[in-house]
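A single structure is presented below for examination.
Chain nomenclature is as follows: A, B, C and D, assigned in order of appearance, with residue numbering initiated at 1 for each chain independently.
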Amino acid sequence: MMHKFKEKLFIIIFEANTPAGKAFDVCLLIFIFLSIILVMLESVQSIRVLYGEQIRFLETIITGIFSLEYALRVYVSHRPFRYMRSFFGLVDLLSILPFYIGLFFMGSHNLIVIRVLRLLRIFRIFKFTRYTRESNHLLQALLNSRAKLTVFVMAVSTLVTIFGSLMYLIEGDENGFTSIPQSIYWAIVTLTTVGYGDIAPQTNFGRFISSLVMIVGYAIIAIPTGIVGYEITQVSKNAMNTRVCPNCMAEGHDFNANFCKACGAKLPANQL
Amino acid sequence: MMHKFKEKLFIIIFEANTPAGKAFDVCLLIFIFLSIILVMLESVQSIRVLYGEQIRFLETIITGIFSLEYALRVYVSHRPFRYMRSFFGLVDLLSILPFYIGLFFMGSHNLIVIRVLRLLRIFRIFKFTRYTRESNHLLQALLNSRAKLTVFVMAVSTLVTIFGSLMYLIEGDENGFTSIPQSIYWAIVTLTTVGYGDIAPQTNFGRFISSLVMIVGYAIIAIPTGIVGYEITQVSKNAMNTRVCPNCMAEGHDFNANFCKACGAKLPANQL
Amino acid sequence: MMHKFKEKLFIIIFEANTPAGKAFDVCLLIFIFLSIILVMLESVQSIRVLYGEQIRFLETIITGIFSLEYALRVYVSHRPFRYMRSFFGLVDLLSILPFYIGLFFMGSHNLIVIRVLRLLRIFRIFKFTRYTRESNHLLQALLNSRAKLTVFVMAVSTLVTIFGSLMYLIEGDENGFTSIPQSIYWAIVTLTTVGYGDIAPQTNFGRFISSLVMIVGYAIIAIPTGIVGYEITQVSKNAMNTRVCPNCMAEGHDFNANFCKACGAKLPANQL
Amino acid sequence: MMHKFKEKLFIIIFEANTPAGKAFDVCLLIFIFLSIILVMLESVQSIRVLYGEQIRFLETIITGIFSLEYALRVYVSHRPFRYMRSFFGLVDLLSILPFYIGLFFMGSHNLIVIRVLRLLRIFRIFKFTRYTRESNHLLQALLNSRAKLTVFVMAVSTLVTIFGSLMYLIEGDENGFTSIPQSIYWAIVTLTTVGYGDIAPQTNFGRFISSLVMIVGYAIIAIPTGIVGYEITQVSKNAMNTRVCPNCMAEGHDFNANFCKACGAKLPANQL
């Protein structure tokens, strides 16, 4: 009977497609958002001064709930250590650890980032079937364009380094280009069309080079867009194509295919 | 006879494809633009001081016209309540209400936004056949990419929250990153490549992290572009593909095709 | 004989594909660039003070050359008035007119823009076959997406007006949002991700709304990109397809077409 | 025997697909990155003051290594002069030259850019098969869109010149638009959506024109994206499409296809 209870809990906690499992996940999401909002509010000085006490109280409660959840997850897992070492297992641990460390060490202000990492838990939402498929598509498209994107990032890095060094020579210390790393920072700000304006060229020649950097940045944004766009098209096309070979079960046949590309068997006519 | 008059009015007011209906809609558009321009002019202090009287006079006239129009729309509708509860029915009401409320309550300055909502009425223009089709295509493409865009917005939100918190720790109060929400605002300004420069990193490590945020923002803009681009292609393709050869059932004929490209049979005339 | 000479001149001046015609066009381009550079240099105060005399002298010479060219174009044209009323005819006239007006009226400083319009003449370069085709493709793609882009620009205009008015209420006069037109300017600066930072939200709620505007601007840039990208693909595909019906000479058949879509005749097999 | 040793060295130095060649290239990459980091560190004043001595020492060692490498490359080349005149031959020479010039001439501060050009050497990484294919695809796509991009850049240049001159007249000297070149710089900053904010329009009419420039810039970024996106699709498709069925000549088989999708015949093994 204990085993059956554990099994039931497992389904509630780890599955998202039963009503109870869905309710559990939705509750969890609410608590995650709440805890993130608490972290944010605590960082605002005027609020911290007024409601610091209450925020810390709610924080304690939510951490308690998360701790209980973590314990339950470990308890119902068939292989507890595998869960604990998994990505979500580590994220779950990280979302309660800062609180306990903060109990023992004062000035644990820096743990705020770890507490914010709780946000990663909302990616559990991708267990809901609809989003799983979509996020898998996007991830697949990004993975497929990995090599092309690497080449692109390398070319961009080289470009900003060379342009940055050039501007360091042209503009120099007195115009805010105090060192090459600083100038590379400027080149990135400019090439990505962010353009803070905290460092901006003052000399005529510097402005001319800047114009070049801007036009290059404006034009080459077409490259990642083209790469990722092509891969999204490919992934979506393949996803639409649900034809399966009746002989060898291979998938991913073209719309106009008459024969299986894997085993050469005749495919049934395309129903689409 | 009264009934016939009402029917005629209905066609003028609600249809856009008769000459009278078109004339009515064009008049209306002119009044809408005029009323928006009045709201804008009234908000400019130097103009308000000089011409406030005249602006309020014109405003009263235009509201009168809109009120008359609203009354007529309710009068000629076959199901008045259905019209009043429809999107455009509510927008029509909202475009006259602020004026009447302003008569009774002083300091109705805040109603300006509601008055600006009149602008939504220009979307009536989409009744003109040409734009209906185009806006439907775009809406369809956006609807189809809804799930993928949701995943994208969630990932971006998580990213800016984590990067924002990180920068809050690195830069801190003294460099303008006064709280986590503030830092998230900065992260959004940077990731979307807007880059006001009102908050900008001052430390070297902060600038390094900023560079990462910028490059990420520059690269991932490819994702929504790829998603929407793919869906626009799909929707446009499907729109082209509604003609079928009555002889061989081949699809995908061009708009200007008279004969089937596959078997040479005569195609029925294009209905579009 | 006079007639033959005129014919020869016509080919040199109006055609770009003979050696003499090409040489003529290249010379012209050089003079156009030179005259634009002169206009630019004259606008720089330090240069105007030092070399104003020389610049005006060169300007006179170049205008003389352009005047001669204009006279020749009118002279050799078969239908002089048709040339004079054509787009390039008007641009040619505009490129010499400011000089002559400046002789009679002092303070013709404002004619500088008209002088800069000379730059439009460089589009004659599109006569060179290679660029003609490419620019026709791009123009065709833009024309095809005209209706969709109009819908998009209307939606964006409505968006910036509503967001602008909202921010005018939220931020108000004291934070730089002095009027609705001003706030709309801010909304455009933000939505297009330009982000000067000359007007930036100061209140928390204003920053929240700004974040929304930025994310919307970042996401919807995907729409024009998708539209134009699709049309460029279509135009390029059609351009690649040079199959002509042997019966009715219709063009633009699909790759997999067996029969002419215009007259139903059998097409020769695709050689591609 | 000497010849055999030379041959072996050649394979290590110039080939990347043997274990020894790969190790050589990886070592080289590390030294290149190290030397770039040294250049960067030396440009930071606080570091130069403290560790200038050490940096120059490491610099000398690395230049020695690079000199040795250059000598070896010349030595093992079958046609030394051809290597020396090649792109990478020149880059290799440029990466050691500044040091030797600096020995004879003082104040060789300006040589910093040439030293940074060493970074170009990391493109040797494209010898690794995976990246070669990807970078070739991207280069091919860019080459194919050359003519269209030229037309686009010309149109953009004309646009910024005309808009820049217009703004020079509207805003004038007192609002930072001190000359036409300056105003063109502003127009580029705005059109590319960089938006530093160092020069920003102050007058109402100037802000109206600026809004136009921004919206144009926001919309036409779709054009290069569409161009490059189309070409990337074409290049990727062609890369996929090199397999032909020996039985029915059908093309367009997937990479993992073993049998023809049109006739079911066995395909020859994929050579890629």
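We take it that a contact is a pair of C-beta atoms (placed from the backbone, for glycine too) under 8 Å apart; a residue touches a chain by one contact, two chains touch by 3 or more.
Keep in mind that this is a model prediction, so the values were computed, not measured.
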Are the two sides of the subunit A and subunit B contact the same residues or different ones, given that same means over half of the numbers occur on both copies?
-> different
Report which of B-C and A-C is connected by more C-beta pairs in contact.
-> B-C
If chain centres are mean C-alpha positions, then the most distant from subunit C is chain A
Tell me which of C-D, B-D or A-C has the interface of A-D again, with more than half the contact pairs shared?
-> C-D
When the centre of a chain is set as the mean of its C-alpha atoms, what distance in Å lies between subunit B and subunit C?
-> 28
Give, as an integer number of Å, the spacing between the C-alpha centres of subunit C and subunit A.
-> 40
Mind pulling the residue numbers of subunit A that touch at least two other chains?
-> 181, 184, 193-197, 221, 225, 227, 229-230, 233
Note: in the complex, subunit B contacts subunit A through residues 147-148, 150-152, 154, 158, 161-162, 165-166, 168-169, 173, 178-181, 184, 190, 193-197, 200, 204, 207-208, 210-211, 214-215, 217-219, 221-223, 225-227, 229-230, 233
Subunit A residues touching subunit C - in the complex, by the definition given at the top | 193-197, 225, 229
Of subunit D, residues touching subunit A in the complex | 36, 39-40, 43-45, 109-110, 112-113, 116-117, 119-120, 122-123, 125-126, 130-131, 134-135, 137-138, 141-142, 149, 153, 156, 181-182, 184-185, 188-189, 191-198, 221, 224-225, 227-233, 236, 252-254, 256-266
